[in-house]
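Okay, got some structures for you below.
Below are two complexes that have chain A in common, paired first with chain B and then with chain C.
So, the complex of A and B:
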């Protein structure tokens, strides 16, 4: 199933097929006749045939439907809220976080902390950033409030580890610099709306 | 302020349907605020004259065409005023739209975000898009020492310029006018501006921010802890703003100091000298046991006057219990001076205060380098000068270039001749006043010629002083620390007492250290230390120290709760900003038999007979109300003292020939505690004029050694071309525990010994 289908929330426009079933016979005799008819129709073999066909397809034609977790994973909805990712700017590779502290402020389980300073380039530098995943309830407020879409929820839903600290540092959450090309724009809660371009008003430039 | 004559006239006006009564002379905005009616402003600052640059405060007055600026228009009897309607809203919204043009959208990183007037008003007036435009330009960030200025964020409200000129008196900031290109400029280099930080306190946006604080925390993360500044006797209102040190270190740290800038001010020491706490102290039972032993065998306790009233009371009660001697050099001289002063005036306290001073029409400053000794007093002098055109006579042996702009008459006398100067001053100010014959004949018998010659103050200078006073009323005499330790202090005190009692002058005697007034009222101080001595932040055989260099650690004043007695004669509370893990004085005294659970349990036992009140610490108020009335702690009540009128003849004035050193902690330094702070810490230098260097045969950068009252100083000499004469300034803030004992007469003539470098 593709993401577009996931994201289409307008019930009724999808390609649902209504199954037409006959009404249940009103009399006892009628219901008995239906049972006998179904029993001797041979539909059982149709079903077994389908199973056989799929088995052959899977074994000999490479159409296996089983996902070999954890080597393979199903795509997960962008609205799913798993361990956070910290994104980078695609052009410069610099991390997006500006250290505004809004995620820290909005966090209802008070698990985000950051230290900032005035750096040599006259910018606000995030010197340290942690999320305490022992407390995080994955509510998604941080991603929603982030003005830069720097902190987002990733798809990493396996939160078992020897230590929770394994997830919690800025460097661990940050897109690796060599994987910058693979960084996906976040589509989940708090992301730019699909019609954002139309909503932008230009600043008048009269000069 | 300007309508003194009609002060008593009451008027009635209606604002938004509410009938308001007020006295004539108040502006519409002041009346509205006093009656809880909201009028938005961007540039209004209560403590300066209306700036009228923002035009947000416009109101409608019935029968008057157009909108009226409520911040500068006086309320008139019977006026009917509307503070808000559609047209006014539109007007204010347009102003906000203009303010927002090209304002950098960097709220995410801006220090002001969360407490920004521009943010608040942009939301309030519903400005969501930019309708106007202007070509933006490059405006680089400027660094002005402790303060940094980002012109791109500046909205040109001009509050900083006004506060710098009208209150602080530095006259460092000015406007470079040029339409959209206007900026604030600092006309003085960073080292010449007093670095008080008041400009950044009043800045409604993030244009002026602390260089040290910048980008280190957000406004909403900081916990504001109300306190009183512990560096000097002004004990100004302030908040320590506290947050955890870092992710690794959960201990709280003070990030910055803010204040109620609308009604009070802070100097640079208060604003930037906040991290003097005694860090990482744990309870050491062995040291505690040794301390108890030391107290049991102590004959003397020596302490500085930078303690709370409660601690002073603990010492006093311990003295009553065990008979130890109490030594506090800083407060002792002041105590005796006040006693002699009170015998003449008949009241236990001097009669002026800061508010009176700021409304004075003339002021005489005598015996204090005011700009360094008590910046808050200097600010009030500036207000008197700027708001009331007060004439200010500055009497001191060293001229001070930093206050040139407010001083109208410099009266430079010889070091050591204060007694003669006081006599001549009394003679001048009491001329033509009704005084007892004994005093009249005493003053008439003064050998004016000799005194003038010895003090180097001619009669014509006093005539000039007299002339500048003859038309006005509301005079203040400010006297300071040079006099309290003077060998003839008692007689000087009596002469000043005469001035308060018989002339039109109110007198303000600046206490020489944070709580010198409190200590002098609470403690029964002794003159000389004998035997085994315990020093509390001072030298002794056994030392309790908040500087972290003693036998037992003590909490610094930002780790303690208690009260100070300020020079405004007010008992003000201060609170614990940072935790402290060690023992406090009350623990020691509890173990020695003075049973009180907390130090602040002593607050209600402060001596009522000395003017204190029996109020629990937690019941002390600590705020300014909307009209600017101060509700911090309570005012001391003066009590009547039996009058004794004895005057000694003026003794032969000592002569200080050759080079003289003047003890003075300059430029935002008051004590080892200010020196301990990261931002204020600097090298103490002996600073003298070119003339001094010639006479003393010293070159710039020479190292000298000298001994003053048993304390050895090593100083690098530096020439200051703005100074004149043969008096050099010698600070003592870097002397650690011994800096407290530097409470002798401030002028001295030690032998300077050159050291090989």
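So, the complex of A and C:
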């Protein structure tokens, strides 16, 4: 199943076919004629053909619906909101978070806690950052409000663990430094729209 | 034919028959168990699923897992049930299904090699009970099998069970009539009740198959066979959507498993009957050997049952009775009469 099929939510635009059902004939002879007509019409064999066709498609044309879940996974939408990711700057590898605290402020379930201090370069340094995933409702406001696209929603939806804290420390969510090349820019909630460049206009300075 | 057989073949001893019975019991039980695997797989493929996949390669050992589950499950006998009948009923289903197989030729005959102690030199016949009324015996035993669901449903003090056994009575009893009448026309043509004679009658290749001479009887026999083995369009005895599990509602563990084994053994019996009586039996077809062709035919009829289950919906009990008494039985009688006239002329 491809992502395009998965994202097709246009229910009702498919080619539905209405079943023609005529009223039951009132007379016994009419009903008898209907039985005879249906018997020799071969509709039952159409049904057999459908199941055989589906079996052949499934076995030989790769149209099997089953996803062997732990081994195979369905593609998820980029807008899916699962466990958060903390992204890094691609150039320097430093984390993007500037410690502004907007995510902590906007969080409606009040589950983000952060602590910052000034480092030796007078830059804000994040010393503590945790998300309480027992409270988080995955609304996506933190990702939307983040001015640096530092906190985003990732695709980790398998959130069973021995401790709730297993995902929720800053280091757990941060892109590993050796996986920096694989870090993907976030497409989802709060991200820059694809046509952002066209939407930029000059600031009207002539008053 | 009978005389020639007796002259050529070694003497059939009781030891040979007992060994044959044990072989049939073991192998048909195993095939019946494997049938459940096949059914799940075929149904799954037809619904574009994978079916059992995790026990063994491609789920092949699923039967073992099921067997362990069935054997180790708690054996519950309901409080108000008639305990004796409740316990006997599954045995009736399984036993009659295997007794019916006694008159069916299963696997070629062989002699146990001399070097094996005790049993060396014993001749094991291809057919456990070589009686000359084979078809009558098989049909009779399959008909006696209806006592299994009937007694089970009535003994278990459960209303779903009562409905299930009532449906057993109407369905099995009615469709016995159609089975008997539909197979009567081929019996008239062949003039014998022995399966061997049926096989020899159709030895002239593809064109001599009984299903070309008696197409109506063939279709009627298939429909009635589906009803008698309790397969889907006529799966009313344990129709989950309506009556929970029908006659098997209160059963658990191996008692329930015996109903299942009986049902699958009956499916095999009906497949064998259809293959031998209507589809040319175990005669060689062109270059294909007879034993292979009969296995293929039996497998096809078995597959047809699964295929139909995946494709067609259930019918209501009143439709079932309507079909049996007002449609199939008159057609069967007319078929017998016409066959009789054609034979006289």
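The rule is short, and it goes like this: the second predicted complex is superposed on the first by the 134 of 207 C-alpha atoms of A that agree within 3 Å, B and C clash if a C-alpha of one lies under 4 Å from a C-alpha of the other, contacts with A are read in each partner's own complex, and residues count from 1 in each chain.
Rule of thumb we're sticking to: a contact is a pair of C-beta atoms (placed from the backbone, for glycine too) under 8 Å apart; a residue touches a chain by one contact, two chains touch by 3 or more.
Everything numeric here is computed off the predicted structure, so don't read it as measured data.
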Inset, instruction - For A:50, select first, second, both or neither according to whether it touches chain B, chain C, the two together, or no partner. - result: second
Inset, instruction - Check whether A:77 is in contact with chain B, with chain C, with both or with neither, and answer first, second, both or neither. - result: neither
Legend entry - Dominant toucher of chain A (residue count), chain B or chain C: B
Inset, instruction - Tell me which partner A:161 touches in the superposition: chain B (first), chain C (second), both or neither. - result: neither
Inset, instruction - Have a look at where A:205 lands relative to chain B and chain C in the superposition and call it first, second, both or neither. - result: first
Inset, instruction - Name the contact category of A:59: first (chain B only), second (chain C only), both, or neither. - result: second
Inset, instruction - Using the superposition on chain A described above, determine whether A:68 touches chain B (first), chain C (second), both, or neither. - result: second
Legend entry - Contact footprint of chain A on chain B as seen in their complex: 107-109, 113, 129-135, 141, 211, 214-218, 220-221, 246-247
Legend entry - Residues of chain A touching chain B in the complex: 98-102, 104-105, 113-118, 122-125, 128, 130, 147-148, 201, 203-207
Inset, instruction - Could you please specify the touching residues of chain A with respect to chain C in the complex? - result: 35, 44, 47-48, 50-52, 54-55, 57-59, 63-66, 68
Inset, instruction - Show which residues of chain C lie in contact with chain A when the two form their complex. - result: 42, 45-50, 53, 307-308, 310-312, 327
